[in-house]
Every structure is written in C-alpha cells, then in structure tokens.
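As written, the chain order gives the labels A, B, C and D, with residue 1 at the start of each chain.
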C-alpha cells in the first residue's frame, strides 16, 4: 500500500509537530469560547454538527487512532465515548446516528473539556520522547491535526447555521471594523492560460490527504480564468434578471431544487423591505455588494455561470492557475470571518487573486479518484475514498479555513445542493480560438 | 358566553391564590434543578419540548394573558419572546415552529430565569392589592397556574424522552428507595356498577377547564370496572402470548403502526439478553412486574383489552366509578416519579384503587365536545376546543401530575399512537346480563 | 356471539335473495360499461382502487366466504387471485399491497369478467336448490350483496377521482338534462326535536352491518336540525368571507391540513377566471349554487359549522331525526350522479329533507363501538370493528349509493381529512333554552 | 454555435432517411404488439413511463419539433396532447407531471395510434418532395429517429419494471430457445492498452448527440481491460462472500442505499428456497450463471469492482478500447431480449467482446460536459446538457437497444442508485507498473 501521508521530514522534527499539534488543539478551544454550553450542544440540521460534538470527535480521533495504538498503557477516558463521537468509521463499530448528534446533552460540556485535557496530556507524553516517536504515530498525529482543522472550519460553519435559524439571530462575534475599501473598478479581468499535459496532485513529503494523490499527468485545454471571485453585486444582477425564475439557466436537478426549496437568493439571504440582507457570523445585516458571494450551491454556481455566458473551471484548471499563487488570503487567520472585497488598490499582477481564502470555489469536476488512487488501509481508509460519488470538488479555502491548512492540491467536496458552506464562484471560459 | 372558569370563592381569597401561584412558580424551578443548561435546551422529538421552552412559555402565558391586560404600566420583558415562546395561539401572531423549539440556544437559560423573576415580581405587585384584583385577572391567574402545572408534567415527560435517546441513559433523579411491597395477590377484583342517567362534567365554583363543561346528563349502561391498573407482569404475558405479532388483536391503524415502528413492547422497553428493561426517570433497569404498565399507546391498550376479553372503559364510566374515590394517589407529590405497585396490604374497599396517580388511563371515548360546549371567547378559547378530533380521552392522573391538579372530571387527551406520556390501562367490561 | 346479520326471513325466501344477488351482480357490470379497459386498471391515488380491482374483489369475496365454504366441489377460478384481490383480511393471508392495486395490468379485464361469470354460475347453482340453502350461506350471500353495493359506490367515487386528475377531464356519463329548479327560497328551516332516552341502532331481522348493533338506549338532548343540506351557494359565502384563511374557525389538525394541502375550496373545485368550477361525473363545469356542497372533509364541515354559529349533529340526533323519514332520495337509482337542489315546490312537511341521497352527512360522532358491541367471529369480523378509531361517522346516503342499500341506522365512516367521497354537511344546533 | 448534429450527407439522401424513419416508427408498434391496452397505460414507478406515453411522446416530438416548424399547413392532431406528452421541455410550456404519467387513461390507446398515423402521414408528405426538404428538417427528423430509438429501449425496460411488480409475473414474450452454450472456460482474459493522448468524442457527418461532442484530446494512462462482462456466476460469489453485508466495500452513499432499500442481490432477483431466480422479459426463472449480470446500480458495480481488487473503466478508456471493435452484438436485433453468455467457441481475438449489446456498462466517469461543449440552441438544447450532474456515464449498448443506434462514442447516463436499466459491469485495472 502506498503511504497515505509521508511527513517524513516532519517526523524528523517532532518539536515542530508538537508545536502545531497543541496550537491546533488550543485553537478549537478558542473558537468555542464565544459560545455557551447551550450553543454548543444543539444541532442546527442534519448536515451540521454541534460544537460539543466537534470538540469531542476530534479528540476521539486522536484517542482511537493515535493513543490507543501508540501510547503504552493509555487509559481510554470513557468507554462510552466511542459510541457517542465516532462519525462514520464503520470499522470502529456502532455509533450514535448523525441526525441525532444534537441529543447528546450528556456527557456535559465540562466532561468534553476534561476529555480534551486527558487526551492532550497523553499526547504530550507520547510526543515528549522525540526519539521514541514512531514514524506511523507522527504520521497519524499529522492526520489528526489536519482532521481537527477541518472540524474547526465546520464548527464555525455549523454555528452560523445554528444562529441563522434562531429567531434572535445572534452574532458569533461582533464584526471587526472594516477598512473602507477603495471603490472597486468593477472590471473583471481575465487571465489566459495555455494548455498541455501538466501534473496535478500532491507530491513530496509534506502532508496531503490521500485524495490528492497520486500526482499524475493531466491534459489541460487552453482556458481563461477570472482573476477574482463573483461578487454579491453581480449576484444581485443575476437575481434581478430573473435568474431564479428561468428554468433554461439551470441543470434539471438544480431547477427541481429551486422549486422545492423555494430558493430566491443565496443561503442566509433575506429580503427586508426590498433590500437584501444576510445572516453572517457577525449577525444580520445588509449584503455588501463588493464582497464575494457565499453560500451558493453548485446548482446556483452553474446557473450563474451559464447566465454569464461563461462556465466553472475544472479542478485541474484551477490547480494549474494556482501554481504560482502564494498560499495566503482571507482565511481564518485574518479574523474577518467573512468574505472580503478584493483590494483594488493593490498592484494588479498577472496572477489570480482571492484564491486561498474568502470562499471555497465550486469546480465543474466531479469528486472522483485520481488515476492510480488506492484507498489507504486501515480505518483512515474511510476518510475520503468512500465519498467519491455524486459530489463536486471545491478548490481554494474560505474565510473560516485555519491558516496553514491550505494547499494548491487541496480537494474539498460537497453535494451539488448544499450551501451551508462558505462556497462561492470563480468563472472560467474556453480560450478564444 | 359561559364563563370558562369561575373561581369566585378563590377570587374572594386572593391570598390563597397568591400562595398557590408562587408555590406553582417555585415548583417549576425545583423540577429544573437536576438539569444542566444543555439538558434544558434540547428537544427530544417533535412531540416534546425543551425544559427551557416550558419554563419560558408558561411565563409568557402570564405576561400575555394577565400582566399585559391587567397590570398597568407593565413593561414587556423582551418583545422578541412572544415569537419564541408562543405555543399555538394563532390569535397571538406568528411564532417559532414547534419542531424547532430545540434550536433556541438563545435567549440563554439565565435570561429565561430573569424573565421568570421579572414576571413574578409583576404578578406579586398585581396580587398585592387584594381589593383591586379584578375577577377576570384572578380567573386568568388561576388558568395560568393550571397551565403551568400541565407543563410541569410535560417537562418531566419530555425529560424522560430526552434521556431515553441519550446513549448514556442518564437518570433524572436517583430512585427513592422503595419500601418492599407486600406480594401482590395477583387477583384482579372487579367492581360492579349499575347504569342509569347520571351527570358528568364539572359544576360549581372550583376551577375546571372549559372542556369539562357544561355538566350534562349522560346515560350509562351497567358495567364492571377493574379495581386496579394493568401491571407490567400482565403485559409480559401479552407479549409472550404473541400480542405484538397477532394482527387479529389490533385496530387496523394500530397494526400498521406496530409494523411501521417495529413495536415489540411498551415505550422505553428494551430487551437485554432476554430480560425486559426500561428507561425511567431513575435511569435504566429491569421492569418491575408488579408496577402498572406505562408508556403504552391507545392502540396497545385496545389490543391488550381485546386479548383479555375485556374492553377499555368510557370516560363517563370512569367518572362515575370515581365519584366516591378520594383525590389522592401516587402523583408528583409522592416523589416516586414512577408508577408503583398497588399496596395489597391496605384494606380493600369497594372503591377502585390507583385512580389519581401512577398513570393516565386510556378510555375508549374520543375527545369531543360535551353537549352545549362553547369555545370560550378570546385567546384562551384556543386552549382545548381546537384539539377535539382524532384523539382519545385519558382520565385520572400520573406519577408526574402535580398534586392539586387532579379532578374527577379532568379530561386529558392524546393521539392513539402516542406513548411518550405516562399512560396505562384499566380494564372494564359489560355487566353480566 | 351475537349473529352479525340475521336475514332469517330473507333466508326463508331464497328467490328474493337470488333476485337481489343477481341484480346486484349485474349492476356492477352496468356501472363499468362506460369505462375502457384502461380506465378500469388505473388507481387514482392510494385511497382509491381501480374499477377492475373492485369488480374482482367483490367476486373474490363471494368465492372465499360463500362458495369455498358452502358449495361442494367448487373449483377456485385461479389460485393466484386471492393474493391479488384480498383487500385487508389478515386472516385470509398475504395480499397485494393497497397502494399498488393499480399495477395489476394482469389478469386482464377479460379474465375478471370470466371470473365473475364463473362465480355467478356457481352461486346460481348453490342458490338453485332452495331447501339445501343453509342459513349461514344465505346470511353470507346477503353480506356479499351489501359488500358489493358498497364497492359500487366506491367504484364511482374512485372513477371521479381518476378522471379529475386526467388533463382531459373526461365525463363518466353525459349529464342528464336537469329540469329547471324552481328558485330556492334560500330560507333554511329548522326543525326542533325534544330530548330523552331513545333507542339507536338496528334491531330485527333485516340485514344490517355489525357496527349498527346492538340496538341500545341513547340519551339525546333537545336539538334543532336543519331541514336541508348546506348548498354550494352557502359555501361560496364561506369562501368569500375568508373561511379558508381564518385559523380561528378550524380544528388545529384541520388548519394544518388546509395549509399543507393548500385547500381553498371543496375537493374538485377549481377557479377559472374568477368563477368556481368543479369536476363531476358529468365532466367539468360551473358550480351550481343551489346544489348541496360535496367533497368536503370533516375539517371543512366543522369549520363551516363554526362559521355559521351552528354545529354538526351527532349520529344519534341524526338517527332520531330520521326515524319517520322515508328511505328515498337522490341515490344511484335516480341516475343523476350528482347532488341535486332541493325541490322547493314540494309541500314542506315537518320532516327533514335530502336525508337519503345527494351526499353523506358528516356527524360530530367519532366512529366507535356501540355499548355491547362484539367483533363477529371469523373473517367477516374484520369488516368493521378494526376501523373504529380516528374516523367520524357519516349518515344518510349519497347520489352514488345503490338504491336499497340505505338504512336509518347505517354508519358510514371516513377519516377527517378525506374528501374524495360524496360527503356534505347538514347543520344542527342546541335547542334554545 | 456548433451544429448539434450534422447529417449533411444524410440530408442529401432523403430516401435513406425516410426508410429509417418509417422503419423506426414501425418498430415501436411492433414492440407494443404483445401488450394489452391495460399493460400500456400503467406506470410501474416514477422512473418508468407507460408504453402508451412512450408511443405518444415520440410522436409529439416529431409534431412539435419537425411538423409544426417545417410542414406548411400542418394541423396539430389534438391541442391537449402537448400538455399530456411533453416530457421535460421547459421551453414548450406546462406539462403533465412525470410521476402521474400512469393516470392518463385518456386519451385512449386507439387515439394514440391514430395520432401516430396522423403524424406519420404528415411526415411522409414532408419527406416526399426530396428537393424541398430543408437541411434543418432532415436534421431534426434524424434526431427524432434517434429519440424514438431511445424510447424503444425504455419502453422494454419499463415493461419489465411493470411486469416485475405484478403478482402474476407475466412474460413479455416467451423465451427464444437458447442454443446450448459451450461451457465457459471461466477464465477472464485481460487486454493491455497503452496510454497517451487520444481523441475522444464524435466527429464527422454521421448523427451523434450533442453530448458526444466536441471531439477533443484526452489523456489516457496505461490500463488493462477485461475482455468480457461480469457474469451472474461471479456475482453469486460476491453475494456468498457477504458482499452486500460488508460496509467496507461500498461507497458511503451506496451503503446507505443498500441498508435503506434492503438490497441483497441485483434488481429483479429473488431467492426461492435457496436458489436465486430473476424476473426477465421472458418471465420468472432461475438465474443463468454464465450470462452477464444485469440490473445493478453504480453503487453495486463499484462495490463489486472493489471486492475484485479491480476498478471500473473510465469512459475514455472504454472508448479507446472500443476503437477497433465492430458495432455488433446482442442488441434488440437478435431478439434474445436478455443478456447472453459469451460464445467461448468463437476464436478469441485481441479485441474485447460483448461491447455493443447485452448490458450497458457503468464507467467511473461522471456525466459532465466535454471541453468546449455548448448547449445547442432551441428546445433541443434541453435534451442532454441539463442532466450533466450527479450521474455516471454508461457505455456500449444493451439487449434492448435498437440495432443501428449504437456508436463507440455514445454516452448513456443514469444516477448511481438506479438499476431498472439493463446495466452491468466490465472490470478494468491500472497497468502493471
């Protein structure tokens, strides 16, 4: 079996690993701080999970896949937690059903915090002796860190879902003051890329998920790539032009969804006396036309692209376009917690902007295995491969993706009807002939 | 319009009213004490409501129907609470949907406690001046007391529903030690009642719900009435005799429900290694054969009666049989919080036992208006009348009914498939010809 | 056990029985004549059954409960038909599921006609020898006749349901020319009835269903009874007064149904350019304001009554009011196939009109067993008793009830949300004090 | 816009077109001949359509897209048929909902046959004058022919679905006697293909659907390709090895489907006393181990491949492997109407067998647009493009695909849970390194 992840250099530097591990563990607690015990226990909807569950599940992951295997004499904190906090690992036995995660008022949140401490202590012990740290243990800790980072993003995404269905529409955090943006020129620039056979997927020693491997050759046709994200202002034009009322713009499944769900605008949008507002982590307020649109489904992204006379990029076009773009952007590290307008005053380069932050970008690529992909052995093998059907790949990162979690080869994936994620749109087009 | 309730003597004795009001208000807080903030916010299922919601809703009831009408200068605690905590009063405007009551992580439980204090203070002010207390105000306070008592019962019923779906199966309260019951003789005694035209329904000054009125003549045919409740031991015989597998014993809708839900035993029962256990407010443990069966639906009660060669009583038979029975029994006041075996050592009288406690008793009477019934005017008119279809009447009281809330004319009502209530079975039969 | 039916005199007159049997058998064929094979095979919705299924099921009933028991050497026509055409008799083994009755393209309709002939021949043989005819056989043939009559009514009701969902809106039969009705005075007359203890239910030798027995004393309070049915014109007033938009008029379950189903008018009504039309067995056309309203649910009947300041009668009031009314009216025998306006030119008597025809009349009585009722032994025991929950009693007869099938004690029953039947409304009220 | 289809040479040879048109039109009638009017009107399930609907819909297609546009003075047969028989063309207005196609007992089947004649006559008139035939008309007639061929396949597929839910399990046609197959060697041969950049998709003048275009370069990695289809015998091994009970073999959505639907074997399979039987167009009988498995979903195909240690091919691998394979096989033209065992006595060549018949072959490729694809303008633009999400491509042809309808570039597509089609499995694997 091909190794899932090979942070061999990382394993040679356990201090670095330890540092990142406990930074990550701490960040989860920081993210939970604005929330009450009540906020943390409730499940907004089937797709979402409670904060308490996220906090416990990532801990169970370390306990089950790291400590129980590599830490001699480790005492499981509570035998019943496996049932409560296993997500979907069939190999790990029966578990509490996903749609009922919000019924777990017990164990109390205090016990979950104690659980975290118990596991952190054991992880510190395990990592303490640098020499003894087995390469597999280091590799699984690395996976655990990345796994917890994913749940940090989900935690915030799910808190927004929860607060959006509250009649009081609370804010997760008061909005940071936003520097007045220079007026956007409103001119969408296009960047041309040539085609050819190019590699895609992860290679080398750094961490990557199994679904980013193996690196393989792909054939890319010449294409054009928007240098920025579709904005709320552009989406308002789509709405005003009857976008949500014109069946001809939509995939058939998309149109059925629009009708069934009564969609008239992106997720969390609400029309108040003729003006579109939306619910955000900073509470409820008017939509910012200059900011990138978020909380749109693949169906909406596709319909918008058709209305624009353009299309969505493939995931390989996106990866190719990103190859020289710095791994930086409006991610969780900025603290904005919302997509921000592009800064038009910055020097425009030939490189696409807003690639690693703000919103995940829908691609027209279905989420499928790369050529040569093999499901990893062991429980970790259930992590990605079993979801490779009926979903679409999103690339980039969002305003709630933890810093350091981004990669050019990263493949996020959701079903085409889902829109509770911070997901938006970048347009592409075929090259002019 | 006929007055809904006419506690005229009560109104003449506001101290008494005040005493009962604040005793009732206090009891709700007492019942919530064993619960965490997390326990109080979550909704177990659509039929149930969170404790926090119960605590706030009964308070909103006083605010809306008493203080806003009779208390000059009363300041509404929070204008948004009406939307959050109205249950089903169409006349009081839009409201948060019932199936989503568990999403109300905000307002926090502390605010609900503050809300209670705010309203209690205003109620104390209103009641302070005996002379000024208007008869209508007193009448509505009386309704509010009885309304809160109903929600106290529901609060405990719904906590059991919540803890029963928790993988940890927590106890609401450790079980009170039970005095060893004298061995039951196991002999079911039958009491014969003659027929004739007899009055039914409430009359006089004391409080009663509108659905208990008007008192009217009913024709009763001679009947036999079991002097005790069906026990778990008898129910086990029904199970072992294939009761849940024999379509011929069931109403057609009942049989469809058995098949659809996979029912094999009463609610909260679970077979562990061949022995039936059940979830109770004291946690999970073996079923007590001597105790009355609880958490059975009308469908099950009817099937059991058919299997027994008997039938369920009508509500008028029940009321007639209860006319000389003291208003006492194993209700919330005993603190048992579970149905208890009958005490066979007590002198057997000619009167039926276990009438006002342990479990509500399904009757074969559909929940319909009494002759001459009129829906009361005003919002209170939505309290009972609009539910008079497709439900069955239950009589008596349960082990979680607050003391002082029982009446011989009391009409409880639920749908025939529901079994999360403390509902059980008393048999009746036609008189021997 | 009390005999279900006791046509003892009928049994003494087998010629009479034979006559009615083959008249009834012939009528089913007559009713099917306007239909194509295609019309007869399709199921309009779960509540309805295809004509072919009706034709075969009533035949299976005779084969199973009469011929297989009483006809020596009877050869079952096709062993597979029991599975296909058993309706709900659990005691008769597995059967094709009700919602899939429309999938039975085989056996072909020709085979069903041959099945009918085969069974009719055997029935003729059985009945041929008067002396040999066993009393039980005669009794079961009588049941079979009444059973087939019920399915004749359902056949037409279900054909209307089918044609109503056809985009072509075909007519079952071209409308009979209607004599111009004298202008209705529009004055609803009320008839006063005193109270007292009166018998209800069937007694004597003639046929009646088990659910009409035993005859028993009932207590009736003085009441007023409308001498005619609620008309479409009156229903239009209810609509125009916002009846379908005012929650305060409705039972809670009714209001939920109105919202969920989007009801704005009775079943089969459709607003064409501001004018209400409806689908009938004569096709699609304008609503006749003078005719009785049909295709309303219990929920609607109850809401209308509340809007009128009146109420629905109980089934015992209805039966009492009908005791001197002739068993005649606009039933299937008139051939009108639709409710007709009352003839105001006829001499008004003190008796209520339109009692045995036009539409079944919802009562406020739940469908429950009479005191002393016992489910009959044997398969016939599944006929009525197992449906005694969650339904309401309708009294009278409709424009598609076969002549001769009516009785003053007849108890029809449907769920409160159902409205594909020819069901309408007669108002009652408490006597003036 | 790129032309959808370009039968330019075909247009130059209208006799040829005419010949194929009326052959195709006749074949539909031939396929309907074994069916009764009842068989033709009923809808087996939502995914399927009644035969009558198929016969009328393909006719409406010619009427709407050819005659109404190109035939001067054409009189529409019945204005109401557009509503009844439009499938999903939003641009053509409102239509009868798909799940209710089985309610169309009217128009009667005779009218549909008359409709066909009316349209055929008009088509003959239009085609009569060779010179006048417009290129667009010819192109749309060509589309209409191919469209009708697709519905011929669906007609048979849907008849099987209908007969499979009939308790009588009728045969569509008695089975043709099958020549005794030489015993299969049971040795699966693998064919190696090298990689490289190769064209895929249709080019040239012949007819092809828009979704097969544009022809474009694809990058293929070296792969191995099974020379035959997976057989029922192999599938039995999968079942016996617990394939349907082992979550680790399945995609997560697949496993959820297996559990929800209770799948234990392919569609139409049923275990009779320990032996697997299946329903086919020849009726119900034992499964033939040597024949290719059919009626499996993508989920099952994928799980089987994983169990085999292999994978499904991509659609481009399939097309590449097929490039030298003759367009012949066990399609509708053989009259077998079922998948047949491979003939092992034939000389084995280096080419894959069973490519264009027996069963459609699931590929791991999601159904997505080719690079440069544009939705055609006009109503025909709704034909393929709007379904390009959440489905998988199947390649080849089945035993009910009309002869002449096959192409190496043909892209069939269904949802991963669907299995009422004649869909099976061919394995592929990565090349040995």
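Everything below uses one rule, namely that a contact is a pair of C-beta atoms (placed from the backbone, for glycine too) under 8 Å apart; a residue touches a chain by one contact, two chains touch by 3 or more.
Please read these numbers as outputs of a predicted model, since none were measured by experiment.
Colleague: Could you tell me which chains are in contact with subunit B and with subunit C alike?
Modeller: Common neighbours, subunit B/subunit C: none found.
Colleague: As a test of understanding: of all chains, whose mean C-alpha position lies farthest from that of subunit A?
Modeller: Chain C.
Colleague: Measure off the straight-line distance from the CA centroid of subunit A to the CA centroid of subunit D, and report it in whole Å.
Modeller: 38
Colleague: So how far apart, in whole Å, are subunit A and subunit C when each is placed at the average of its C-alpha atoms?
Modeller: Subunit A and subunit C have C-alpha centres separated by 60 Å.
Colleague: Can you work out the whole-Å distance between the CA centroids of subunit C and subunit D?
Modeller: Their C-alpha centroids are separated by 47 Å.
Colleague: In subunit C, which residues are in touch with two or more of the other chains?
Modeller: Within subunit C, no residue contacts more than one other chain.
Colleague: Viewed as a graph of touching chains, is the assembly arranged as a line, ring, star, complete set, or other?
Modeller: Ring.
Colleague: Mind listing the subunit B positions that touch subunit C in their complex?
Modeller: So the residues of subunit B touching subunit C come out as 88, 90-91, 197, 216-219, 221, 247-248, 250-255, 298-299, 302, 306, 364-366, 368-369, 371-372, 375, 382, 386-390, 392, 416, 430.
Colleague: Quick one: which bits of subunit D touch subunit C in the complex? Just the residue numbers, please.
Modeller: The contact residues of subunit D facing subunit C are 36-42, 44, 52, 80, 83-84, 96, 100, 102-109, 162-163, 165-168, 170.
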